[in-house]
Each structure stands twice: as C-alpha cells, then as structure tokens.
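So that we are looking at the same thing, I have put the structure below in structure tokens.
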Amino acid sequence: QSVKVAVAANLQPVMRTIKTDFKSSTGVNIDIISGPSGNLAAQIRNGAPFDVFLSADTDFPLSLQHDGFGLTPVKIYAQGVLIICSKQRLDLSKWQQLVLTAGIKKIAIANPAIAPYGRATKQALNQMNMYDKLKTKLVFGESISQVNTYVITGTVQAGFTTLSLIKDASNKTPLYYSVISPKSYTPIEQGMLLLKHARGNASAEKFYRYILSSSARKIFKQFGYHI
Amino acid sequence: MDFSPIWLTLQLAAVTTVLLLILGLPLAFWLSKKRSFFKIITEAIITMPLVLPPSVLGFYLLLAFSPQHGPGRWLQQVFNVQFVFSFQGLVLASVIYSLPFMVSPIKSAFQQLPVSLTQASYTLGKTTWQTFWHVLLPNIKPSLLTAAVLTFAHTLGEFGVVLMIGGNIPGVTRVASIAVYDSVEQMDYAAANNYSFVLFAITFILVTGVFVYNRYQVKSPLE
Amino acid sequence: MDFSPIWLTLQLAAVTTVLLLILGLPLAFWLSKKRSFFKIITEAIITMPLVLPPSVLGFYLLLAFSPQHGPGRWLQQVFNVQFVFSFQGLVLASVIYSLPFMVSPIKSAFQQLPVSLTQASYTLGKTTWQTFWHVLLPNIKPSLLTAAVLTFAHTLGEFGVVLMIGGNIPGVTRVASIAVYDSVEQMDYAAANNYSFVLFAITFILVTGVFVYNRYQVKSPLE
Amino acid sequence: MIAVDIEKKLKAYSGQQVLKIKKEFGTGVTGITGPSGAGKTTLLKMIAGLIVPDTGSISFNNVSWFNSSLKINLSPQQRHIGFVFQDYALFPNMTVRQHLEYASTDAGWINRLLKLGGLEDFATHKPDYLSGGQQQRLAILRALAIKPKLLLMDEPFSALDSKTKAGLITHLQKLFTELGATALIVSHNPKEIDGISTDSLEIK
Amino acid sequence: MIAVDIEKKLKAYSGQQVLKIKKEFGTGVTGITGPSGAGKTTLLKMIAGLIVPDTGSISFNNVSWFNSSLKINLSPQQRHIGFVFQDYALFPNMTVRQHLEYASTDAGWINRLLKLGGLEDFATHKPDYLSGGQQQRLAILRALAIKPKLLLMDEPFSALDSKTKAGLITHLQKLFTELGATALIVSHNPKEIDGISTDSLEIK
C-alpha cells in the first residue's frame, strides 16, 4: 500500500532524502505531491485523496483538523528558515541596501496568500518598512518552488526562499544567500496532519510516526530546519 | 524517467478526441444548417468553455463535483464515483473544454459546402443522415482532420483545469503538462527536458504523419 | 472588485488576435497551396506550440528570456526589453501559443475552395495577392471568423504559460485566469465567482454577437 | 401523370416577378422552354420539393405531393424523383462508379448506365478529372440510377456535342418507355428533343 | 495572330491519349469543335497558361508565351486573356457589378457590358441568386471586362435560349471588331457561331 503525501513546496529538496530513507527502512513507497500549502489544503477540502499533509505552517492543518479532515492532532515537525538568495555573486550581508539599488530589477517572493514562506517574507519586509519601497520590483511565485525556479534560472536577481534550497546537495548551481533576521517574522512552524483518507492505511501511520522520529529529524536538520 | 505521465496524457487526449468526434460531428452538422435563435444560443453556450479560462472552468467543476456538497456529494454517495482528482473527471473536463475545438471548424466547413450537394443527395432518396455521412463529411475531410488534430492537441496541452481539479496524483491525474511543471518546480530540469522532448517527438511524428497523409488529399488536378 | 485582471486579459487577447491575423493569414495561404516537403516540416513546427503543454512552452521561454544569459540578456542590454514578467512577454508567448489556432482552420478552408476561382482571377490579370484578398479571403469568411474567435478565446484562456513566466504582478501580468486560480486557492470563492461571472458575461455577449452577425452570412438562397 | 398548379414570387428583379404554372404533364417527354431567368429551374425545383411554392398544389398519379391549403408537403426523398441539376451538383468525393453505387445497388443496372453514357473508361475518375460533357452525362446517369418514375432534367444536354447528344437521346427514349417514366426536360434548344417530346410548355 | 504547336498527354483513359495541336489562329472568330473529352478545354487552358503543355510552343503576335525548349512560360496574368470557363468559375462573394469592377475600373465600359448581357436588373445579385443563363452571361461579361486582345470561350452559349443567344452573338461580333480581338470559341453546336466564325478547328 502506497502513501500519498501532500508536502509544502519548501520541503521539496528534503523530501527526496526522506523518501529514500523511509523506503530503505520500511520498504514502503511514498508518492509526493507538492505545492503551496494553501493549494494543498484547498484540494484536501475538495476531496483530494491524500494521506498525510506536511504544511509550511500550522494554520492550514489546524483549520483542516477543525473541520474534521484529520485523524490526529497537528504536530509540528520542523521550523523553517527564511533566506534571501541570488545566483549572482552579490554581497547579500547588506541585502537591505542592495535590493534598493538599480542593479536589482526583480525580486521573487512566494504568494503570501497561499504560501506561508511568502507570508513570512511580507511580514519581515513590512517590519523593516521595505515592502512598499520594493513593491514595483516584486514578482510573485505560486510557491517557494517557483521562487526557486526564478532564482536558479536567473530571471530574477534575488528571491526570498528557504534555507533548504542551499543545503540541497543535488543543486549544482552556486548560490549566494543571507539569512533573514528571525526576529522580523513569526517563526515558521511547520505542522503535520494525518488525514481522513489514511484511515486503515498502516503505512500512512507509519510514515506519520517516521516524520517525528529521530532519523527524520536528523535529515531535516541537515537541510537547515530547526527542530 | 517515469513514462506514466506521458502515457496518461496520450490516453486522455485519445479518449477525449474519440468522444468528441462522436458528440461533435452531429452537433456541428446541426449547427451548420439554417439558424434559429435557439441554435445561436446553443452555439454560444458550447463556445463558452473555450472562452473561459481553464481556471474558471476548473473552479466551477470543483464546486460542482467536490464531494463536500451538491452533485458531487450525491454522486459520491449513490454511485461512489468521484469526478475531482480522478481520471474520469479529467475526461469530463477535457470533453467540455475541447468541445468548441471540434465543433467550430467542422461547422464552418459544412457552411461553406454548396447547398446543391445536399439537394442532389435528397433527390436520390437519401436521408439527412446518409447525406451527412456519404456526401458532406467526405468533402470536408481537411477541416475534419484539422478539428481532430486541434482537439487532440488542445487536450494534450491542457493544464489549468487539470491543475485545478486533477491534483497532480501520480498515475491518476499527473499528466505530462503537470509533470513538466512539477519537474521544473523541483528544479529537476533534466526530467523537464526529457518530458518535453518525448512530447515533442511524439507530436512531431503525429503531426508530420497527418500532413504527409493529407498531402495526397489536396486537389491539384492535371497540373 | 479589482477589474484590472479582466481588462488585462481582454487587452492581451485582442493584441494577440490582431497580430496573428496579420501573421497567420499569409502563412495559412502559403501553406494551403501545393505541398513541398519543406512546407510540411514548417507546418509541423507551427503546430508544435499547440501540442506542447503550456508548461513546457513556459519553461523554455523562461530559459530563453532570462536576462542572465542568451537572447534574454542581449535583449535586455541592447533594447532594454525584458520578456519575462512583462506584458510584451505574455504577448509573445500568446502569439506563439495561439498561432496554430489561427492558421489551421484558415488553411483548411483555402484548400476546400475550387481551383477555378484562382484561375479565373489570374486570367483577369490579378496578382496572387489581389486574388487572395478579393476572391479567396471573402469566400472563407465563416472559417476566418471561427479562427479569429478561437484564437481570441484560446488567449483568454491562457493560463499555464502565464503562470510560468508572468509572475502574477498586479496590473502587468495578473490576467483573469490567474486571478481566478489565485482566489480559489485562497478559498476566496466569492472573488473567484465574481471574476468568473464577469468573464462569462463579457464572452457570452461577444460570442452571441458574433453568431448573430454570422447568421446573415449563411447562404440559403431562395428558401 | 403529374398535375401542377402553383404560384411563386421570384425575388429576381428589382421589381418582382410572379411565376404562375398550371399544367398537367402526361407520361412521356415534355419539353419546357422559356427565356433565361423565366423560372424554369425554379419550377423543376418546386416539383422536386427543393423549393416550396407560395401557394397551390402538386400531385403525381393522384398522390398529393404539395398542397398549400392542406399543408401537405412531401420531402424530396418521398417524391422519388430523378433530378439532373443545371450545374450538375456532382459529389467531389466520389468516382463515377461511386456516384451510381450511392444511388443504386443494382450492379447490372449501373453497368448498363455507364455504357449508355459512354463513361465505362472513366468509372474510377472523380468529377474534377472529367471534361464538361463527361460531367453532364454523369449527372444524367445518376438521376436515372434510382429508376425514377418522374425525371426532371434541367438543360441536360447543354454541354454535349450533337453526335453524343443524338446517341444519348435515343437511348434515353428507350429507357423512359421501359421505366414508364414521365420526363420534364428544360431546354433552350427545343429542337434537340423534338424527336422524343410528346408535349411542351413555354414559360412566359 | 496566335500560333500554337503543342503536345500534351491526357491522363484521361485507362490507357493514354495524346493531344496534339498545330495551328495558327488569325484575328476574328475561330470555332473549335470535337467530341466530349477530346481536349478542347485542355487546349484553351494551355493557351491561357493555366495548364502547362508537355512540349511545343505558343506565341501571340510574335511574342513567345510558351516554349518548352527555351523554357519560356508566361504567367496567365502576363498573357492578358479573356477566359470564359465552362463551369463559369464565378466569385460567390461578388455581385454582378462587383465581378466587372474587379476586372475593370472603366464605369462606362461596365455599364455597356451589363446592358449587352441583359444583366442591368441583376447588378446587385450574387451568383447564387442568378439563373443558369444569367450566370453564363456574367462569365462572358467578366472575360470581356479587361478588353482582351485574345478571348478564349469554353462553351459560352450552352445555357442560353436561341433568342438570347442570337442577340448576344450579334453584340459580341461588334465588340470583337472594335477590340481587334482574336476569339477562340469552343462549341459543340458549330451552327450557332456559323454567322460570325471565320475559321474552324476540329479536335480528333
């Protein structure tokens, strides 16, 4: 029996390792469906046959759970780190000044309405009184994944994304980045929910427990998440 | 490389095209004949799905077929069929979505045929249906082929509706267009390239084949 | 309610349709004439963008027009134009994407016209171009209209490419299809409904208008 | 025996012209003449059920085909008529033989017709590859293929040279007698059917 | 004066048939006759440049139009010919007057032609709304509209009644003289042009 796991886009780099590790320890194959957390939540409401939901925040899984889509309470499995990142050799330690210069034409952020990382970015920029100043430069990716795509193809000079992108060994493109001050945004606590669809699916439960296990935690840490 | 998205896409496009041929031909014929106000409205309605963005269509299909409420719930409870996040759902959406691509070119072609062909066939005692089948249809072959190719192609390229009601489920609704999108998102550009290339190759062969076949259909008597 | 996505969509569709009429008509005419192997290949290539999923096209456009390298950098440096995240980029993508929708039905219609019309015009001393303009084109009006409507519509419904290279920038690339998608994913069904309804209304009027106009074009002499 | 008593407004001239016909046509051949634009084609099409008269009645062997007051109007199919169109109206997609096979399943009859029209050598040609006279003969053969009791022929010999025409007419006369058919032949050259026509109608 | 010396294989019969023509046509009217399928239409189309002969040459007033050994082949446009098609080839989108206006800008000439063809009352009609004879007359007028020095007419009177035809032919004769034109008229009924033809050619 396979397990369908809906994962927030920021987890894409880490999920490859998780999938292999879970398969080697249990022999169970998981299908990964990734997207902005908000999209996945909407799809679950509309009947998508997912077993486990790994969100990028706690709000989406909580509301699903509240409306009876969950089998378990929402568990926080990791805490995300927001970075600004570029393919160009830029000194991003002073990114706040840098992004205002003319050399930076476009900056990608994830759509705040459906991607928690985008929400956090917006919050941080607002806190620094920068959001309005940058408004004309912003382009909105559907999710963190799309922000990553824009960064790596060089269509934007900078993008706000997740630290796991940097820690992804399979990514061969050299990237330059700087961590955004954690004080400027509410911590990105990422929550998990075992869904109604998984009822009777032992493998799904196994996967749910595995994510909270130490071996999974180790992997999350490797990819820059706080536990 | 995982070939299931491509296989799925081809299946979807083929099933849709066949269904639409069965459905679209008589419809196009009916619409091509003298117009009534009722027909104009019908035609406008048929054309709607084409004019609406796939996301709008997807939205309404989602509302209609979500098992949370309405017809979707009823279907789920009574027949245990679910149209969202399932292959049959994609087929239904594609049929609605591509209908005008089948109907419009065929209808125009029928309108451009001389009336006397129909009249001649009628005097031979042939029914409307026989006339349609043996006289009118064979004389609009190029347009028919165009319509079928457009329909097939439009379905191959379907993305928005699938993204909305399909949900990217491997082997069920992850068609090629979604797989490419997904690969790009995962920064797996090699996979994106592979999918693109295979689609390219398949369709290039298909399209060239059709055109080469069609070459012999183009009339150029004596010269 | 924010009307800018709808306005933007209509602009995009209109600009694309006009450009494609200018580009597609001569192309369709050229293709409709006696076939060479070169033409078949050309036609297959023109048909490609239609058969490719929008996500594939979007991906390649993204790669090609990234200002970091290749043609994108050159355009940026020499002309200071950027094709990603800009309206002109969407126009370019739409033109490529909708080209076959303009060309195919028109080409088929040309092929179905009797050769003797062209011959008669030639003996009157008319050039190929005059013949095209005064004799052939007016006699395929229904197909021409169909092609234009299909093109306009297909552009209205464009979603995948825009999602890929648009960047969802309000007033610049946030077209209606994206706005609906966005609203649905935010579970703001009221906004999704509004956008959908306005699009529905506009296009229903448009389409019905075209059909009512076309009604007078359908020949039914004496009866 | 076909009885016609109809009226039809022709949208022809800037002014208007009314076509009024009252006549009974017996078995045998009736020649119909009249100047160009008089309404000869229109008359045949009304008898065939392809154009609806404004008022009046048409009946064939006492079966009512059309009656405006009784609201009777049989379809062209029900009237079982052989019609030779002035512009032939051949099917571009069918070969000569297929035209006849579309109308009839009787292979012997088809071969006989092909021979009668001198088109045996062209059985596999499509209309685009036929000369004008060959096309016209095909149009005649197709109309005969259904062995109609009533034949409506609109300028059926206009593209034929006198020798071909003379031969064909002789054959047709035999065929009409054999079928016991009534034939109405529109012709601008009444002499050509003088030998076979038993009656005539001049329009206007 | 037009000199023709050409050969063309006709893909006609199951076997093959070669059309061989060697003839000089002087100013005035030449009647061309021959059985149906002989190649009359093919000949006219080759002279007009619509079909390419296999070998040979065509020249008009000592200008070479076609020469297979010298690889000369003028386009139909360059030959400036008035052509009446056997199947008319009218433009469905144009009214009677528009047909003539498409060919000529001389309003006086157009009106004269309309009168000559008896189509003044139908100037605003499209071909679908014309009778067979009216269509044929329009085809003739259109060919005349460009005031050609060479007229190729393929069965131009086949749909006309004898009265209309006689009147038209008288007018045409005057016009030909006026234009100093050479006319080749294909006709299966040679008698109809007896009065005006000065030469004749029989094919096969």
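Letters are used for the chains, namely A, B, C, D and E, taken in the order the chains are written, and counting of residues starts over at 1 for each.
Just so we're on the same page, contacts are C-beta pairs under 8 Å (C-beta built on N, C-alpha and C of every residue); 3 or more make two chains touch, one makes a residue touch a chain.
No experiment lies behind these values; they were computed from the predicted model shown.
K.L.:
Relative to chain D, which chain has the most distant C-alpha mean position?
P.N.:
Relative to chain D, the chain with the farthest C-alpha centre is A.
K.L.:
With touch defined as above, tell me whether chain D and chain E contact each other through largely the same residue numbers, more than half shared, or through different ones.
P.N.:
same
K.L.:
Using mean C-alpha positions as chain centres, tell me how far chain C is from chain E in Å, no decimals.
P.N.:
About 44 Å separates the centre of chain C from that of chain E.
K.L.:
Averaging only over C-alpha atoms, locate the centres of chain A and chain D and give their separation in whole Å.
P.N.:
Each chain's C-alpha centroid was found; their separation is 80 Å.
K.L.:
From the mean C-alpha coordinate of chain B to that of chain E, what's the distance rounded to whole Å?
P.N.:
Here chain B and chain E have centroids separated by 48 Å.
K.L.:
Just curious, how far off is chain E from chain D if you go by their C-alpha centres, in Å?
P.N.:
Using C-alpha averages as centres, the distance is 28 Å.
K.L.:
At least two other chains touched by the same residue of chain E: list those residues.
P.N.:
11, 87, 129
K.L.:
Where does chain B touch two or more other chains at once, residue-wise?
P.N.:
62, 139, 184, 219, 221-222
K.L.:
Tell me, which residues of chain A touch at least two other chains?
P.N.:
Those would be 45, 149.
K.L.:
Write out the stretch or stretches of chain A touching chain B in their complex.
P.N.:
4, 9, 12, 31, 33-35, 43, 45-49, 143, 145-146, 148-149, 152, 171
K.L.:
Can you tell me which positions in chain B touch chain A when the two form their complex?
P.N.:
Going through chain B, the ones touching chain A are 62, 66-68, 72, 76, 82, 84-85, 165, 167-170, 182, 184-187.
K.L.:
Quick check: in the complex, which residue numbers of chain B touch chain D?
P.N.:
Listed in rising order, the residues are 114, 116-117, 119-127, 134-135, 138-139, 141, 219, 221-222.
K.L.:
Quick one: which bits of chain E touch chain D in the complex? Just the residue numbers, please.
P.N.:
11-14, 33-37, 40-41, 86-87, 121-122, 129-134, 137, 154-155, 158-165, 188-189
K.L.:
Quick check: in the complex, which residue numbers of chain C touch chain B?
P.N.:
Per the touch definition, chain C meets chain B at residues 9, 34-35, 40-41, 43-44, 47-48, 50-56, 59-60, 100-101, 104-105, 107-109, 111-112, 115, 139-140, 142-143, 145-146, 149-150, 152-154, 156-160, 163-164, 175-178, 180-181, 184, 189, 192, 195-196, 199-200, 203-204, 206-208, 211-212, 215, 218-221.
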